[in-house]
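See structure below.
The first chain written gets the first letter, and so on, giving A, B, C and D; residue counts start at 1 in each chain.
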Amino acid sequence: MHKDTLAEFFGTLVLIAFGLGVVAQTVLSRDANGSFLAINLCWGLAVMLGVYASGGVSGGHLNPAVTIALAVRRGFPWHKVPVFVLAQVAGAFAGAALVFAVYHDALTAFDGGVRQVDGAVATAGIFSTGPQPFLSLMGGFIDQMVGTALLMIGVLAIGDRRNSGPPAWMAPPLVGGLVVAIGMAFGYNAGYAINPARDFGPRLFTALAGWGPAVFTTGHGFWWVPIAGPIVGAIIGAVAYDLCIGASLEGRGEQA
Amino acid sequence: MHKDTLAEFFGTLVLIAFGLGVVAQTVLSRDANGSFLAINLCWGLAVMLGVYASGGVSGGHLNPAVTIALAVRRGFPWHKVPVFVLAQVAGAFAGAALVFAVYHDALTAFDGGVRQVDGAVATAGIFSTGPQPFLSLMGGFIDQMVGTALLMIGVLAIGDRRNSGPPAWMAPPLVGGLVVAIGMAFGYNAGYAINPARDFGPRLFTALAGWGPAVFTTGHGFWWVPIAGPIVGAIIGAVAYDLCIGASLEGRGEQA
Amino acid sequence: MHKDTLAEFFGTLVLIAFGLGVVAQTVLSRDANGSFLAINLCWGLAVMLGVYASGGVSGGHLNPAVTIALAVRRGFPWHKVPVFVLAQVAGAFAGAALVFAVYHDALTAFDGGVRQVDGAVATAGIFSTGPQPFLSLMGGFIDQMVGTALLMIGVLAIGDRRNSGPPAWMAPPLVGGLVVAIGMAFGYNAGYAINPARDFGPRLFTALAGWGPAVFTTGHGFWWVPIAGPIVGAIIGAVAYDLCIGASLEGRGEQA
Amino acid sequence: MHKDTLAEFFGTLVLIAFGLGVVAQTVLSRDANGSFLAINLCWGLAVMLGVYASGGVSGGHLNPAVTIALAVRRGFPWHKVPVFVLAQVAGAFAGAALVFAVYHDALTAFDGGVRQVDGAVATAGIFSTGPQPFLSLMGGFIDQMVGTALLMIGVLAIGDRRNSGPPAWMAPPLVGGLVVAIGMAFGYNAGYAINPARDFGPRLFTALAGWGPAVFTTGHGFWWVPIAGPIVGAIIGAVAYDLCIGASLEGRGEQA
């Protein structure tokens, strides 16, 4: 395996371990040791830690939508895209397995050992996202598209030293803050996956680990929305940043 | 359009997308996925992200009161003030439209499709601010004036490398922290607009998008207070900083 | 007035405006727009902002206990101590007046216009601190002494570039974090004044602004505890840091 | 005593003072002045402050599991391991005594002066950790092992300038954020000790200070789990980081 593929696997594992961990803690403790605010903050820290773990080797994408948008707009080599995406999904799957192992006793205490996708003691939502009852599939697509467009705008802005971006070693906590903001502002409709690997890897894990195929039919077959929406949104976000800001910075050097 | 005008539009759009997004999420989820604390924290992140998105091109004012105070006290060219202000209001209008689009299904589930300015399922407060019942218009003016004076003092202090300010790439999260503090300490009376564009752009959007002209009459015609108060306050804050601190730093170089 | 005295006045005013502001917002909104957590976080931001506003001119002590400990252990000129302390108390008094002005309507809505020191609609606690019912005066003294000793240890450690401290421009948010930690861990007994000016200036203001002399007799005459305890504690903390750490760093240069 | 041993004692004292302080405040105020979120945030700040207090002298391990893993994987001298561990446990013991002194009046108001390990007014949990009722000893071991493996991965990543790590002076708040994330995501099962000294030092203190030997038998004799689990986990985490990331960075210089 190439160095950067392994780093993407490892970084995404770290991201998903913390990200699913906080949802597990919140759900299984029935909010005693967690809250929606804690979920927001911890996903931000999860991104920070995943990027620190991998950034110097692979760039720390940890998200197929980011990888694809960087291929479309920043010359990331297309031939690396499939292996990066596969590594990200595999890392997310492994992260889900780790959280499952740590919270195995707690899961069984919570649901009596019968893993459920819907209902009062459902736990599939620890691993993958779903829509609010009022949300149409089109509404879900818009939600994921806009959330990921804002993610990509923020990632490009923070990483742009011709603009007001910081040195690379300061970017991870700031990108973490970006993800906190997305979760607080655009997390209500559908749980802000904004990352196909984050959603699909753990969903696949739950399908195999006891929750069964219902994880793919729940929410009117919502599973493809956090895959397609983010990919479209990341490209739109990158284009928007380049049109509104990048074009004004062409030829400019890095700022002090 | 000039480069910096476009950057102000884009940065304010980002600011308002996150800022109104968190209020929408909190109101529409009936506090399940949000809280006043989340609103405070997310507005701080919104400012950070808006400034990172635009700072290297336009300076990242994103606020007519800041632009005017910089013209009065820091030599920002007066001829640019009207276009900056227009771009900021247009960006805030566009940000409001984006939040409206993302939360369209949720709004309708919340209010049954009838947009309301006051009452149990009112949603105008997602977009623009209003006073507490006990607050006089003079009290509202003082509130906005003091809040924005403190904003301007903080912005000038953080940006002043002769004082103890950081490199420019570290300023956005610190200015974000400043806005968090204003929201926590001076957010009760009237929702801490402290920015004419932040309040007027979305208010105009709601007037046109179904809430109607009542958004301009609610709160005893409060709409002009978050315009006039911040402009006066930002100038006062800049003068206060310069009198108490700036004058002591004249002729001094940047610190290490 | 000397430059650095004016800066101490101004920085303490900023500190106290945000610090009392968040308590006012939390008390007067009956926790709707505030919480003990918000109080903790906002006092940290208040310290950050007060230090950024004044640090480059006066060093940003903003606290008589810090000034005295720096005179005892770091060669701060003793002849400046009285004017610094006076400027800090005056700044805190002015900050209290500002918060009183902003929340005048809200105070009257809350207490019907009768300012009270104790009871269900007491508001003196917005401005100055008091002990829990179970706390002895000796317990209060220990509480203030330990809290301020930890403050001083943290301030010296963060400011010590021979140790692992950051550049001066990064110290203010870290010292803010230190104050957040003190509020979270040592804020229960007596409201973590840990600063004689922070407590005495606003207490004096309330005595004159309608609450009357009871602010000096409440809590079994607690008022002197947040003055004496912090001064003793800051000196102990500085000595402890120098014995355990500073002595090991003598002769060492700044780290990279 | 050697300089670095004294620094480890002092840094761990600071860590544990803030760490146990926030749990004491939360428990004794019955959540009025604390919360699980405050506990998470304050432990992060506690780590930051402990490392700033000691990092330049001893490296700021403050955790026997970290010291041992650094001996196994980073050449930390084995002959120093016993004295470091002893200093860390002694520092944690002293930190527990400090918190006990500050909250002595509050403890007695809470439990009537009878220190209890289990039951409605138990307070042993302020000082040392314990398992949820559903958790098996094996589950507890896995929990501590995984939590500390993630701690070690994060510590090595943040400290690795060949990867995307920051200058040393920026590491403490980031490692603090790492500990916040562990508490939010892996704190439910058993209170995230992830540090043998953090758990054993205060447990020993409570055994001697009135809670008695029951602190060693509670939770089916859980006391050894937060000792053994972290040591194994830290080594696993260091190996995992080196296999997945460190090997890819060999021979590479520090990044800008």
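Heads up, the rule we're going with is that a contact is a pair of C-beta atoms (placed from the backbone, for glycine too) under 8 Å apart; a residue touches a chain by one contact, two chains touch by 3 or more.
Since the structure is predicted, the reported quantities are computational estimates derived from the model, not experimental observations.
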Farthest chain relative to chain A (centres taken as mean CA coordinates): C
For the copies chain C and chain D, the interface residues, called same if over half of the numbers are used by both and different if under half, are different
Between chain A and chain B the C-alpha superposition rotation, given in steps of 5 degrees, amounts to 90
Separation of chain B from chain C, taking each centre as the mean of its C-alpha atoms, in whole Å: 29
Distance from the CA centroid of chain B to that of chain D, rounded to the nearest Å? 41
Considering chain D alone, which of its residues make contact with at least two other chains? 37, 167, 170
The chain D residues in contact with chain C across the complex are 3-4, 6-7, 9-10, 14, 17-22, 24-25, 28-29, 32-35, 37-38, 41-42, 45-46, 48-49, 51-57, 60, 98, 101-106, 108-109, 167-173, 176
What part of chain B is in contact with chain C in the complex they form? 36-37, 40, 132, 134-136, 139, 142-143, 146, 150, 153-154, 157-158, 160-167, 170, 174, 177-178, 180-182, 184-189, 240-241, 244-245, 248-249, 252, 255-256
